[in-house]
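Each chain gets a letter, A, B, C and D, in the order it is written, and its residues are counted from 1.
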Amino acid sequence: MELDKKETQSQQNMEHNSTGLRILWTELVRDKLALVSLIMLIVIVVFVYGISFVMDQDEIVKVDLFSIHEPPSKEFILGTDYGGRDVFGQLIIGTRNSLSIGFIVTFLSGVIGVIFGLVAGYFGGHIDNILMRVLDFFQVLPFIMLVIVFVSIVPNYTIVAFSLIFTAFSWMGIARLIRSKALQEKELDYVQASKTLGTSHFKIIFREVMPNISSLIIVTMTLNLASNIGLESGLSFLGFGFPESTPSLGTLLSYATNPQTLENRWWIWVPAAVMILVLMLAVRNVGEALRRATDARQRKG
Amino acid sequence: MNRKLLEVKNLKTSFYINDGYYAAVDDVTLTVNENEILGIVGESGSGKSALAFSVMGLHTRAKMEGNIFFNGKDIVNVSKADLNKMRGNEMAMIFQDPLTALNPLMEIGAQISETFILHRPNMTKKIRKDRVIELLKMVGIPRPEYVYSQFPHELSGGMRQRVIIAIAIANQPKLLIADEPTTALDVTIQAQILDLIRELKETIESGVILITHDLGVVAEMADRVAVMYAGQIVEIANVYTLFKRPLHPYTRSLLHSMPTGGQDKLHVINGIVPSLKHLPRKGCRFAHRIPWMGAETHEENPILHEVEPGHYVRCTCYKNFSFQEDESKEA
Amino acid sequence: MWKFIVRRLVITFPQLILLSVLIFLLAQAMPGDALTGLVDPNIDPETIEEQREKLGLNKPWYEKYIDWVGGVVQGDFGQSFRYKMPVTDLIEERIVNTFWLSVTALIFTYIIAVPLGMISGRYNDTILDSSIAGYTYIGFATPLFIFALVLLWIFGFHFQWFPTGGSVAPGLEPGTLEYVMSRIQHLILPALSIAIIQTVSTVQYLRSEIVDTKQKDFVITARAKGASESRVYNRHILRNSLLPIAAFFGYEITMLITGTIFVEQIFSFPGMGQLFIESVLQRDFSVVNAVVLLFGAAAILGALLSDIILSMVDPRIRIK
Amino acid sequence: MSILEVTNLKIHFPIKTGLFNRTVNHIKAVDGVSFQIEQGKTYGLVGESGSGKSTIGRGVIGLEKITSGKVIFNGVDITSKNSNRKEIRKNLQMIFQDPYSSLNPRKRILDIIAEPLRNFEKLTKKEEIKRVEELLELVGLSKENMMKYPHQFSGGQRQRIGVARAIALKPKLIIADEPVSALDVSVQAQVLNFLQDIQKELGLTYLFISHDLGIVKHFCDEISIMYKGRYVEQGTIEEIFNNPQHIYTKRLISAIPDMNPSNRDKQFRLRKKVQQEFDQRYHDYFDSEGLAYGLKSVSETHLVALQEDVEKVW
């Protein structure tokens, strides 16, 4: 039984590995919820980036003291905030900014994490030991606090600076995951075979091992995108995200720390809250569907 | 002749895979008598382990049809509570992988004692411990008092397999099922474990089902042998008969492909064992792997039939079968 | 086991030192120093320079670091230039509040997570499991601060069941029952929001741990012994899966820290998290440093504690 | 002429414990092993798990760091720093145990077989495809398979693809590390026959590592038995199987299940007898650390690890 099970399992693994990307795609399309989420995401992205292209950002963030805290009306679909600024406009720009930062940070931390993890896992031994101690240290630190401190002391604070700080403290999760997978992968005979065939370490890491964990990378990065959007809006909520002039979804929510706004002016913060929820759920749905596709065991139930 | 202990009748065990049920064990009929070792041989995917799990009622998600009579009860239809009364008591199992079959967080003593707690609830703690230590001694574990309070990871593979055997024989079961008990072990350890199983069988006088992929193990251990291929039994015979006069083409091919020394070339069986989903559901399942024999020599609906007393074969194609090499020599 | 613990401790010390160096370097990068808050801007530069020399602010960085660490070890975090009082005094009352908030949140977390994880692991792929999965699904996607805001909105403002800010109602005498009750009342909402959101990962962790254990070979061995399903579950599966959970809470400290920062801000709860945000906004950096150092050390020690507990309960580490 | 000459090979793995990962001890995976393989022959290394047989193979090909000793391959000392690694790599190839994990599931058969060619020979696309076609034909697979992925093949076919990759550079020596132990009996036969065929065709030399005495007996010319990193006995097939000298060899041989059921009681008694001898005369065969003694020759080709004066007792 055991032997049979192992055999079929390894066969299955190989099967889904070899055409991994294609299977990821078919699985994603088969999962109705994930498909709907994906379509919704695409619509939001196109809509938000499209509109913000035509919209005049300066116009939106301009303070208009004659129309403070107006409820939704024809002129302002979602009303205005304490500065008389159009909430709908801010929502669009905010969503765009939150998404952009999410993409950038996910990509950067993904690149760092994957390289770090692959190197640590593939070489193992002392290199792994040292790298993992570094990683342990970074991971145990309270992420939010350090980002806040860095954000507050960086001299000319820009979006680039923010992305870099954010990235500096968010690559560890994926690095740990990739490393543990690389540790398993390098023990497999195909890696040993490549070594005996005279292939260089660099080639083995990136041409042989990496393609075999590509689905894991995609899945993890998708799920990271969701959590990065959440973290960014949290930081903006606390006032340590984007610079004041660039609205984010968290900025809109931070107005709700004013009890008056929280209690009586729902139009300012509820849309942003809903938007964050929708984005995170949609991205997660896609990510989870991808993960189910890669995790044969979960698929079997 | 010994009394019948276990009778399996037309057993079919199916698993749900993706889109439907597929039978891993298909139309299996066999008996195990008291005080005998029945060997079941087959390659991976032949359904031999699925059969063992069926007999123990260990499948959680399988659909079982047919009957398995043991001690007057039909395991296929017995209640969970009754099944639990039988398992570990009247019938017990030895598993393939000693490294994973023991609970890593429980002391060895506690894991063996559990069988007494379950089936001999009146036994006092003191007696229980004595019995466990006695069992450890019986399966050849040195320093049993010490091992009693050790954890599995402190023992070697061979020692762990002995512990698993101790668990299995604790209540002197009438039927002992050994599922590839030595596959994960080195040859010298294998020999020790097999000798141990044989000796224990003599002392507790139980029937044994020995499942293995190794023809050599069967030759050394079994009284009777059932050969399984693709979920079915293709041949059952007394062990001497089977090794001297095998009939079914699969049995004969298998024996021919073993390196025994002396041959120049090993016999190669064409093709591969079909996977569960792609089994031919009609006709002789081995048909397509004998390239030099046409389909017409195989029966449409082969059944296991008795060709001489105690020797059963599925499909009548064996009458026309000889090895290609032999044929070409004759020609 | 002792070897393991000692090794683990050996890893912890460099972590603590690294943390202190990091914070010290951050402090150096921060505008202003210990004197900035104290001196009157009208005093002439020469006097300031004199003061600086006297306070040791002109020493090389490593000497300053040693002075600073020496102070920290004795509980001296310097002066808050905002409040003109020692940071230690400022932190003292806040830390008690945050401690109780964290403990309450942790208790809630375990009350919620363990039963849910057990149910959904044992009855996986049933309706019960799916409904719990529904909760974890929403919980994962909901940022803590949004959830806390909504709780505050509904139960604080709309129904007015719970206070909307502070740690205790004003005017109550410490030590009285009313005082204690009021404090508890102030804790419930913030602690619950942390627990309900943070719980999600614990539920999932426990569930997958149980589902994994269910498929282990030794579970089949137990069944083959004739153990009933409930015995198999309680004696073999649950025991083995709860073990990592027992050690989980040390790691939760990092999550709790993040949680308190948000929640204290939203519920105006006078704790360390709120102090931290306030101090950063007011550029009261000596306070910021102290808070980061304490929280960082708590997280490092929490991880240490988890590993030690694990090494004590798992025989595979205990006996080597 | 011997193509591979190993002298006093030692491969030790450090055991690290303590506070600073200090090396406190060594696992002597291979502890002073010497042998030579003649061109065109098959040399079998036999032992149980942990005997160090695989480590020798991995050490020779460079997957494991050699602690000390000399490995002379094709007249070149490959342990010395200045030896031409590239040339050695080309002539020394390996076949792995697990046909499922030894082929990268993400690569087409073409890319798998062409990997060594791309590393060592600058071929045009066309030449490369032609070479791969030839190799596939040699291992009995059609060229249509080139664009397929490993999962589309059975275990036996995959193992042959692994062989095609190993012989792509026309090596002189192939290290086969348990090449059939992951396969079913019927498929084992197929791969073993095939390995013999290409050996004749290409004049290959094999270092055949296995735990299965039955297969070794069928496949090898000369074998050695390993126990805990040391040689216990070395000789031709006839010498080892018909005239085993060391108790461990006897034990190993008596443990092989006999395919004739009529012999079972004889086998059982033999094992009991060997076990008795093992228990009684343990110290004649193993030193105080439980390791084998140094080798002494019984005949020109037959070497046994025995204590110096044990012959007198005999």
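The definition used in the following text is that a residue touches a chain if its C-beta (ideal position, glycine included) is under 8 Å from a C-beta of that chain, and two chains touch if they have at least 3 such contacts.
Here the structure is a predicted model, which is why all the values come from computation and not from measurement.
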Both subunit C and subunit D are touched by which chains? A, B
Can you identify the chain nearest the overall CA centroid, using each chain's own CA centroid? A
Winner on C-beta contact pairs when B-D is weighed against B-C: B-D
Per the centroid of Cα atoms for each chain, what is the distance between subunit A and subunit B, given in Å? 51
Can you check how far apart subunit B and subunit D are, centre to centre, with Cα atoms defining each centre and the answer in Å? 32
Using mean CA coordinates as chain centres, what's the gap between subunit B and subunit C in Å? 55
State, to the nearest whole Å, the distance from the C-alpha centre of subunit A to the C-alpha centre of subunit D. 49
Junction residues of subunit A, two or more chains touched: 2
Could you list which residues of subunit D touch at least two other chains? none
Multi-chain contacts only, two chains or more: what residues does subunit C have there? 217
The residues of subunit D that touch subunit A in their complex are 21, 61-63, 86, 89-90, 92-94, 96-98, 100-107, 115-116, 119-120, 149-151, 162, 165
Going by the contact rule set out above, which residues of subunit B touch subunit C in the complex? 56, 58, 80-81, 83-89, 92-93, 95, 97, 100-106, 114-115, 118-119, 150-151, 153-154, 164, 167-168
Given the complex with subunit C, which residues does subunit A contribute to the contact? 2, 133, 136-137, 140-146, 148-150, 152-153, 226, 230, 233-234, 237-240, 253, 256-257, 259, 262-263, 269, 273, 276-277, 280-281, 284, 301
Spell out the residues on subunit C that touch subunit B in their complex, using ranges where they run on. 216-218, 220-229, 231, 235-236, 239-240, 243, 314-316, 319
Help me check something: in the complex, which residues belonging to subunit C touch subunit A? 11, 14-15, 18-19, 26, 29-31, 125, 137-138, 140-146, 149-150, 152-153, 157-158, 164, 217, 254, 257-258, 261-262, 265-266, 276-277, 280-281, 283, 288, 291-292, 295-296, 299-300, 303
